[in-house]
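Chains here go by letter, A, B, C and D, matching the order in which they are written, and residues are numbered from 1 within each.
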Amino acid sequence: MPDTIAHVKLTHGGALKILNAAIAKAEAMGVPQCIAVVDDGGDLLAFVRMDRAKFLSIESATRKAVTAASSRMPTGGLAPEIEVKLGLATDGRLTNLKGGVPIVVDGNVIGAIGVGSGTGDQDLECAKAGIAALAGAKAW
Amino acid sequence: MPDTIAHVKLTHGGALKILNAAIAKAEAMGVPQCIAVVDDGGDLLAFVRMDRAKFLSIESATRKAVTAASSRMPTGGLAPEIEVKLGLATDGRLTNLKGGVPIVVDGNVIGAIGVGSGTGDQDLECAKAGIAALAGAKAW
Amino acid sequence: MPDTIAHVKLTHGGALKILNAAIAKAEAMGVPQCIAVVDDGGDLLAFVRMDRAKFLSIESATRKAVTAASSRMPTGGLAPEIEVKLGLATDGRLTNLKGGVPIVVDGNVIGAIGVGSGTGDQDLECAKAGIAALAGAKAW
Amino acid sequence: MPDTIAHVKLTHGGALKILNAAIAKAEAMGVPQCIAVVDDGGDLLAFVRMDRAKFLSIESATRKAVTAASSRMPTGGLAPEIEVKLGLATDGRLTNLKGGVPIVVDGNVIGAIGVGSGTGDQDLECAKAGIAALAGAKAW
């Protein structure tokens, strides 16, 4: 069994590209958003809170990104009977709110984006648009 | 009534034996896991996060072990109407997620194992396999 | 005495302008940084963690910005005998580390920038360069 | 500027190899230890608390590893006038206690080990012995 394995990291340049694409989408939709991009360990890489976005979404948008990075799946798909338990067991870091999407390149999760301040569907649409700006990233 | 009573402690050697058996089971199942072994006071003895296991399960797997050590029962059996109240009243340390199992020798709880990153049933199966590696431990 | 007063808010466009100028400065200096821009209430507006910046600086850079927004002064000027007391009394949100600078327009604090991952002097230099990109902002 | 960069990840197999070498060293020294191995984002990969090691060192040993992973340097070298400020600004996650050492392969930090329960020098010696077990890792 190998001691190390090859991996790929998202640069801050790549993270800002995703952030800016998500901002453009939010502007086009007319829905101000909080937008967070994290690395594959859940640590913050880039963030913006747009004018008139909700300040409590600073935290929830970030946690959507953290959750998507950890689970390697878009947020929102957990069964109702388990989502609160998982939230409690992680001090609320794991959230089942829609709007978190992993950034996947060549089958590897290299980070995630989380968007919050609109409806769940608006948040998700904005998150997908952010990822679409990264060449080679999996489209959701 | 005596002032003190004899007790048995799990060594780190015993804890690692359990950990390694759980890793082997997780590999055989093809389900990467976070695996925590705690003592009878809920303090961490041994831990591993396998490749591709969810990083948010670091905390939830540990709390499953803590809960099992405290309650002296496998996790997951609480009534739905009480599980959230108990979670809130313990800052989330008590969890009703499946995958925590006490380590019992001669009727005494000497620690617990908690596993998380798969489904609840996968986590539980892996936890039981870990305990099975300890000679004399109660089989669940 | 009036019930309300006119105020000026930093937009996310302005915050990103500051962020990007600070990134350019950090690149020119060859010192990767965590850079946070907050509003006058200390809530995050924009953030970036550059490649190879320290991940623990995510939090400390943000707190430098929060401290500068609250005190309306660059961070780092507190007397040694009071800095720890103030840190303890604010759960560490108030920090006397260098690298936080308020964003002042027409005599009003409209936000702050915090930079961390280099030395205190490097952090401060990068923060000032960020603010310099905002037309009309006070130069420090 | 590229969106992604190649990187290397420490496997749990590699982390356990380091852990077991550190345990062997601690046994040879007759100093029971808490030993933590984290990845390059500071998330826990492997942990052991040896018999008779201090339970409060569970946390401090882990934070030594987190600090070394973030700063890319062994812990303990900060100036006295800055170490408390940095501790406060990171909720105590950044520590200047000796015993944390980054794991460096081909010039890249892929994680860190933190050891605690002995003196600082004993902790550091044990941490170095752990890393020495990983082929190709930088010797400190």
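In this section, contacts are C-beta pairs under 8 Å (C-beta built on N, C-alpha and C of every residue); 3 or more make two chains touch, one makes a residue touch a chain.
It should be emphasised that the depicted structure is a prediction, and the values quoted were computed from it without experimental measurement.
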Task: Rotation, 0 to 180 degrees and nearest 5, that superposes chain C on copy chain D via CA atoms - done: 90
Open item on the list: With centres defined as the mean C-alpha position, give me the chain C-chain D separation in Å.
Closed with: 31
Open item on the list: Using mean CA coordinates as chain centres, what's the gap between chain A and chain C in Å?
Closed with: 25
Task: Centre-to-centre distance between chain D and chain A (centres being mean Cα positions), rounded to whole Å - done: 29
Task: Distance from chain C to chain B - Cα centre to Cα centre, in angstrom - done: 44
Open item on the list: Quick check: what residues of chain C touch more than one other chain, meaning two or more?
Closed with: 51, 55
Task: Overall pattern in which the protein chains touch one another (line/ring/star/complete/other) - done: other
TODO: Give the pairs of chains that touch; include all such pairs.
DONE: A-B, A-C, A-D, B-D, C-D
Task: Touching residues on chain C, where the partner in the complex is chain A - done: 9, 11-12, 15-16, 23, 41, 43-51, 55, 58
- [ ] State the interface residues of chain B toward chain A in the complex, per the touch definition above.
- [x] 51, 54-57, 59-60, 63-64, 80, 83-84, 87-88, 91-92, 95-97, 120
Open item on the list: Looking at the complex, which residues from chain D come into contact with chain C?
Closed with: 5, 41-42, 66-67, 69-72, 81-82, 84-86, 88-91, 93-94
TODO: Spell out the part of chain D that touches chain A in their complex, as residue ranges.
DONE: 1-11, 13-14, 17, 39-43, 105, 110, 134-136
